[in-house]
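So that we are looking at the same thing, I have put the structure below in structure tokens.
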């Protein structure tokens, strides 16, 4: 297990290196070399950039090596457009917001998906199954920004109707601010997980070991928890890595629509303002974060499934 | 009935010769594709989806030929109109100024004594607040009874009935004399019902007493503008006060008065082009790549798959945007080709992995080994065994890739990083529609509906195809 | 048509009927099946795949998924030891009716009074639970043991099914075991509560031949020690010969012949029994003969034939066979009455008017000599 973890971590580092290189290459493909010092907004930033990135030296290998070196130290440089602010500072401010939102959304999607999926499987082809699967199809087919808009509309109407501000429509700060965005953010993934859990559960329901458990006289509820749910959840855990990636991605829209000062919005704004250091920093940081999440999910899976853990 | 109790004849016990049909039932054999098509046809949801897809393609390709409305033409007096079939406009002369209503026998302002009175009460709301003539989008004329001691009046407009002083809405303007009791609203309106409110002011302080009336405003066009837009053939063909027919907007208009139906059709071109072309390209590339890696095996395979793994690890949406930036597309510019390119560059590895897995699996199958033993060459194996047996999987992947690509386009356009206005795409239309969601929900609803229906149709078609093409399912039934 | 005679039965089944609703229509998987399991003995139910033998025992255990399955008739009584001669009274005097029992009550019997093992041990154990836990589960449910006690007992049980290093083994997962070892574990699970009846559904089919013998030996040894009764489902006549006291031959959802193992092997009264025998390889070098496959395939149980299910394949088929199925004919067995169970066959060839057929043991009582 320890060797496996170590191997995965080394693979992860190599992957992050690849992401950083690709980011660097993409940024230097921009016509007119955006990292050229003439793009800097003020003299002080220009000098800072030249010193920091060796902009007077050739792109390859000097600038590339300087870039890799600073990335390896976890130093993402200074923002192009926000004077005297380091990219690290900006990320440090925005990331916890996105992380909280994402965590709540993942929690919501995973719990909802597993429970609803199990519910539909046990009630296969009966009313709860039909209703939930219809909603799941809607959840998969409707883009998240529509959910976001509908959610806001619903909150506006709710507040109008009740005559007081039950839930904030947008913004950030309290737990109430997180509720609706996280719900919207998790909805698509929840629909996807529900579907997966349902098919996984249907497979498990008819397995030999469930039959064995019933033949042993194990009560239905215990069969459900110990034998069916536990085994049906395993495939769901394997897709949790991609699901987290999807939720972080979805965060872009939700953060824009709900005016949440998270990393997604920071990135979109950086692109709009062509703040290249911030773009690069955010991309590499996100990439590394996702790689770490995928590794983490794999390790969790290994811990849950003895077949993986012990081999 | 007991056996021995039955009386049986000797004939009952005469032997019967072996029946030839004892060897089992011969059923007519069906080819893989025949069988798959038969199964797909029985799947009602998949067939319905297939029809929806055909309808969408017709909507995109044939629609603009039938509905000849310019998707870019702005019509500022028909902004954010809800869907309607028939529409007509009232012709009016241009710029006829209304002189208003001024009462000669009424003082223009309050007396100094009244103003100086510290005990003076609040002015009441004017009485007799009413519309003069026909209210239309170019002009709404209002008049009311004067209020004693008033030195002027404030006119407000709102889209709903005001119930408190802070809900009167937009302050339109004011009159500067107590006997000036007429007001004309000439701010180009859209046809709807508005609530006009009025309050009196004694020159120092505005009263909180107000009166509101609803006004149904109908669409009006000046004769000059009607002529310019081709609504009437010549200046003599119509006169002020006539009604002429306007092109209908079955799906309403957007915030610039552009026809939603035409924009949806043109938007479908963008969305479906990206949604179908990109998957075709990356599924093709992924198939070739994966098949080559799987067939080559060994180190080549390892190396090729390691590259695919790297590409998969790239954060998808960030790199979609990054590639766009790298192609020199600035914010607010439309980049359909970079979007396509980015989709292809980032999406092929999943297909490559899948196809490689299939090829590796098929390579070990008994029938391929047997064919090899019989002396089959590589290209024969590929054409005869590997390709037909992976084609189903590839087709299913393609069908599921389409909704994903459509989603991605919509998503990027929505956050302003894909197709940008004025080029219509369902995503960019949703983006524009979001801003006016509260007042005219149809601007968000229709593009979102089209995205959802398309994604739904392709997803269900994919489900149907997967069930129909899955060879494991053939033996059941 | 009760089968009960003077024997002490652990379990009796009468006129069991099971149907399945499928897209193609209703499958009559089990049709009018009756048999008795003698206490302390082994009853083998033999037949080719799809003949309904597994469905029969799953119906007893309440393991048929409903829907689509449905038990449309019949009864199955589990009789406790010393409840007097069978058939002496209605269900209730020490007998428990299994068919139609509520899930709660059924769960008090399953794993407790009836244990069951299945064909494929590799898939029949929960892959994510430790072996010990899966044994303990039975003990906890029926005996209310604590986990600590349960584990002790589990180790003892593993020991009994001849698994060495039981302590370590109990803490391992199924994927760390071989197929034969897992079947031993399954036996340990099934025997945890010392059940009166063990149902073994093709327990050796998925195993290597060498392992098969070990498992069968183990079952026999445990039967001697515990005195339980075994229902053994198999299609392997070799296993039958080795294990069984009594045999029921099933074909197309019906029991076509039943009797003691010698009766079935040496005095078979149904052409299908004979066909099975001829299709089975013998390892007796003296008795080597050409193997004869039974031509054709079993009938479609969507539309079960009105007459004998074997009609289309039977080399001795007669006019009457197509239109009606006889009730069991008692076969003449002067000495066996006290020894084994009644030997009977459902074949018109046993009718007094039927022609004599070579190789077939026919009932001579009342036969008119031609």
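Each chain gets a letter, A, B and C, in the order it is written, and its residues are counted from 1.
Going forward, contacts are C-beta pairs under 8 Å (C-beta built on N, C-alpha and C of every residue); 3 or more make two chains touch, one makes a residue touch a chain.
A quick note: this is a predicted structure, and the numbers were derived from the prediction, not measured.
**Student:** Taking each chain's centre as the average of its Cα atoms, which chain lies closest to the overall Cα centroid?
**Tutor:** Of the chains present, the most centrally placed is A.
**Student:** Which chain pair shares more contacting C-beta pairs: A-C, or A-B?
**Tutor:** A-B
**Student:** Based only on mean CA positions, could you tell me how far chain B sits from chain C in angstrom?
**Tutor:** Their C-alpha centroids are separated by 63 Å.
**Student:** Report the inter-chain centroid distance for chain A and chain C in whole angstrom, where each centroid is the mean of the CA atoms.
**Tutor:** From the centre of chain A to the centre of chain C is 55 Å.
**Student:** Rounded to a whole Å, what is the gap between the Cα centroids of chain A and chain B?
**Tutor:** Between these chains, centre-to-centre, one finds 26 Å.
**Student:** Please output the residue numbers of chain B that touch at least 2 other chains, ranges allowed.
**Tutor:** Residues of chain B never touch two or more of the other chains.
**Student:** Going by the contact rule at the top, pick out the chain A residues touching chain C in the complex.
**Tutor:** Touch residues, chain A against chain C: 206-209, 211-220, 222, 226-227, 230-231, 234, 304-307, 310.
**Student:** Residues of chain B touching chain C in their complex?
**Tutor:** 1-4, 8, 10-16, 18-19, 21-25, 477
**Student:** Given the complex with chain B, which residues does chain C contribute to the contact?
**Tutor:** Contacts found on chain C: 23-24, 295-297, 300, 312-313, 315-322, 326-327, 329, 348, 351-355, 366.
**Student:** Would you tell me which residues of chain C are touching chain A in their complex?
**Tutor:** Result: residues 61-63, 65, 103-104, 106-112, 115-116, 118, 120, 123-130, 137-138, 141-142, 173, 175-176, 186, 189-190 of chain C touch chain A.
**Student:** Can you list the chain B residues touching chain A in their complex?
**Tutor:** Residue list for chain B touching chain A: 309-310, 313-319, 321-323, 325-328, 330-331, 403, 407, 410-411, 414-417, 430-431, 434, 437-438, 441, 444, 448, 451-453, 455-456, 459-460.
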